[in-house]
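As written, the chain order gives the labels A, B and C, with residue 1 at the start of each chain.
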Amino acid sequence: MKQDLMKQIGDILKSIRATKPLIHHITNYVTVNDCANITLAVGASPIMADDLGEAADITSISSALVLNMGTLNERTIESMLAAGKQANAIKIPVVFDPVGAGASELRNKTVERILREVKVSVLRGNMSEIRFLAGLHATTKGVDASDADLQGGLEIGHSIAKTTAKKYGCVAAITGPTDILSDGRRTVLLQNGTKLLSNVTGTGCMCTSLVGSFCGASKDFLAAAAGGVLCMSLAGELAAEQAGETGNGSFHMAIFDAVSKMTAATMERRAKIEEV
Amino acid sequence: MKQDLMKQIGDILKSIRATKPLIHHITNYVTVNDCANITLAVGASPIMADDLGEAADITSISSALVLNMGTLNERTIESMLAAGKQANAIKIPVVFDPVGAGASELRNKTVERILREVKVSVLRGNMSEIRFLAGLHATTKGVDASDADLQGGLEIGHSIAKTTAKKYGCVAAITGPTDILSDGRRTVLLQNGTKLLSNVTGTGCMCTSLVGSFCGASKDFLAAAAGGVLCMSLAGELAAEQAGETGNGSFHMAIFDAVSKMTAATMERRAKIEEV
Amino acid sequence: MKQDLMKQIGDILKSIRATKPLIHHITNYVTVNDCANITLAVGASPIMADDLGEAADITSISSALVLNMGTLNERTIESMLAAGKQANAIKIPVVFDPVGAGASELRNKTVERILREVKVSVLRGNMSEIRFLAGLHATTKGVDASDADLQGGLEIGHSIAKTTAKKYGCVAAITGPTDILSDGRRTVLLQNGTKLLSNVTGTGCMCTSLVGSFCGASKDFLAAAAGGVLCMSLAGELAAEQAGETGNGSFHMAIFDAVSKMTAATMERRAKIEEV
């Protein structure tokens, strides 16, 4: 089981590098440079375009669409919807990162509207964000998961991922100390990563961009989501080994080094992955 | 005197790391990633949200508000005002960086409007910007202080800081070769830093974010502003020692390394600080 | 011929560092931080201002204007036009980077409008973008040149650069494996660079910012454009030697190191340049 999944993830990585899929992002201005660079580092090609006048056009020439509401604003909400609908029409995957869901009315309403009007392939968020989407009580602290929401443990997390996946007909990917991914039937657990990833802004956004890149090169969105999340976690581990002691700046840069050097063999060797 | 102040600054740094205050930024898209990362590096938690539909909501869950008008635009001016008023209402500090004040009518009018409608706790700018706010003749060269404005010397700088502080009922923090901070009664001088800081964009913005982080963990805004400014200057010194010879890219990255490794002991040992 | 040109380029570099020209950018939010930092690294001073309420004012105090439509949006199109007209009025150079021309109707219309209403000094783009502007068939893959468009070879590239330069009365700078620059009469070929530059986002944008910096310190826009393009290519070569093996993050940072340490002597020694 684990070997099958890792074989599949490795093949997707190779396919990204062979086909260089174009990944359309409508994302935030805080971490957008990192998102573009991580997309390039894994071997895909990023394009960032958020004006309503061209959003759907750009989606039309892309292999996957990433919607990230980190710095949500009125102008780009409509662009996200137009791009999302176009992605649905041409049947390319939509990866949605509901940054800060639960933190403001604007975010809550926007999340609901996007999930109502766009068919999402993968939903990637932290435990507070996904709890909110599952309709559960969530306490959020800005854009990070709250400690309270992380208390539930694996049992509850597993159930939340499954519920969310079924509710929205997508893969739900909850990232955190343990990453929990479910498509409603199969569930994958990942135990890789490092706490240092939370010391750099945008590691969640970058993870979503990697998931988008993997989805741009595969029809199996659970494997693709697991591949993207694993790639980010392993980049964190490798960057921590390389530069964790030196400080946040060196660690940040080493993440891109690690992703650009990532191989299927490294992923298979280091993965702490199981299907449950 | 110096020892008391350094003790206080060291305690604020420890408090930031213990409480991880949420710092709401409405800032510019040029340096926003660096602002978020420097906030994380010092131990606080950044959240960037600039849409009028949620600005005040996000301020409500934060410990301090940073307003930076680096890439001012009509859309976010209203958000800055809404967030600023909310910060005043819930009594959290507002740190304002009037980037490029004096460089265009739009900036000049916006600065005046913000300072009229929002009670600011700390005003952080270069000599040209603060001269403009003090109502003095200022010659600005874009977003940097002009040489002419720096000629005045410490005597005049001290007087400008004091005047500005009294005029707006805030701490005025003029950063430059010597940093001059005043709350209208007490004045603090800082002689740390390196010229290399002006070779990287956003070191002023990052300084403001550090001041915001310190203000999010203290009620004494003069000490907090001094702590934030000193932290930035020392990060510059340490980064210069580490990577100054290598070039701008390595120096830039080393700033984050230095802030993430900054300790109260390092700050106390290296500070060239005096109260006058 | 080569020696004359390299002497001229070296002199422009020295002039940038002596006079620190202010370079007004209206650019995209993906690579804007890198554009500002590369401008500082070469010795010029960047200012990013894109609101219609101040765009022309900021142009008025600048030595060159860079227009980059990487993340085009309705709001900034008008600002680009206002700034461009002001630059024409006060006779400072306009450097235009038509990012993604050919990729969407919005981009195509905007490119045409800017080139109709603003007199551009240097047009910097990849082969797909410039083919589109020359009125030739172009196949674009998002923001990168397509392989098909690169097939033509030097003979055709030379002719496209010349045609475009004459059509718009400007210097046309096509960057790619060989960089081809023409003012309609003289043509310069550059063979420096490294494939690694395409692994980092924004190296095209940074190249445009360097061209803007060189144009801010010279009246000879062909030499200035060649200087900017050469500076970027050599930074790529030097960064590849320094950090190419380490990975994308280290390579990215080393670009800034290299530009900040660039000298006229290094440029002359390494340049593979010819006038044809």
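Criterion: a residue touches a chain if its C-beta (ideal position, glycine included) is under 8 Å from a C-beta of that chain, and two chains touch if they have at least 3 such contacts.
Since the structure is predicted, the reported quantities are computational estimates derived from the model, not experimental observations.
*Asks:* Pick one for the touching-chains graph, please: line, ring, star, complete, other.
*Replies:* complete
*Asks:* Count the residue numbers both chain A and chain B use at their shared interface, divide by all numbers used there, and answer same if that is over half, different if under half.
*Replies:* Looking at both copies, the contact residues mostly diverge.
*Asks:* Where the centres are mean C-alpha positions, what is the separation of chain A from chain B, in Å?
*Replies:* 33
*Asks:* By residue number and range, which residues of chain A touch two or more other chains?
*Replies:* 29, 33, 75, 252-253
*Asks:* Looking at the complex, which residues from chain A come into contact with chain B?
*Replies:* Against chain B, chain A makes touches at 28-31, 33-34, 70-75, 100, 103-107, 141-144, 199-202, 246-250, 252-253.
*Asks:* Which residues of chain A touch chain C in the complex?
*Replies:* 22, 29, 32-33, 36-37, 40-41, 45-54, 57-58, 61-62, 75, 252-261
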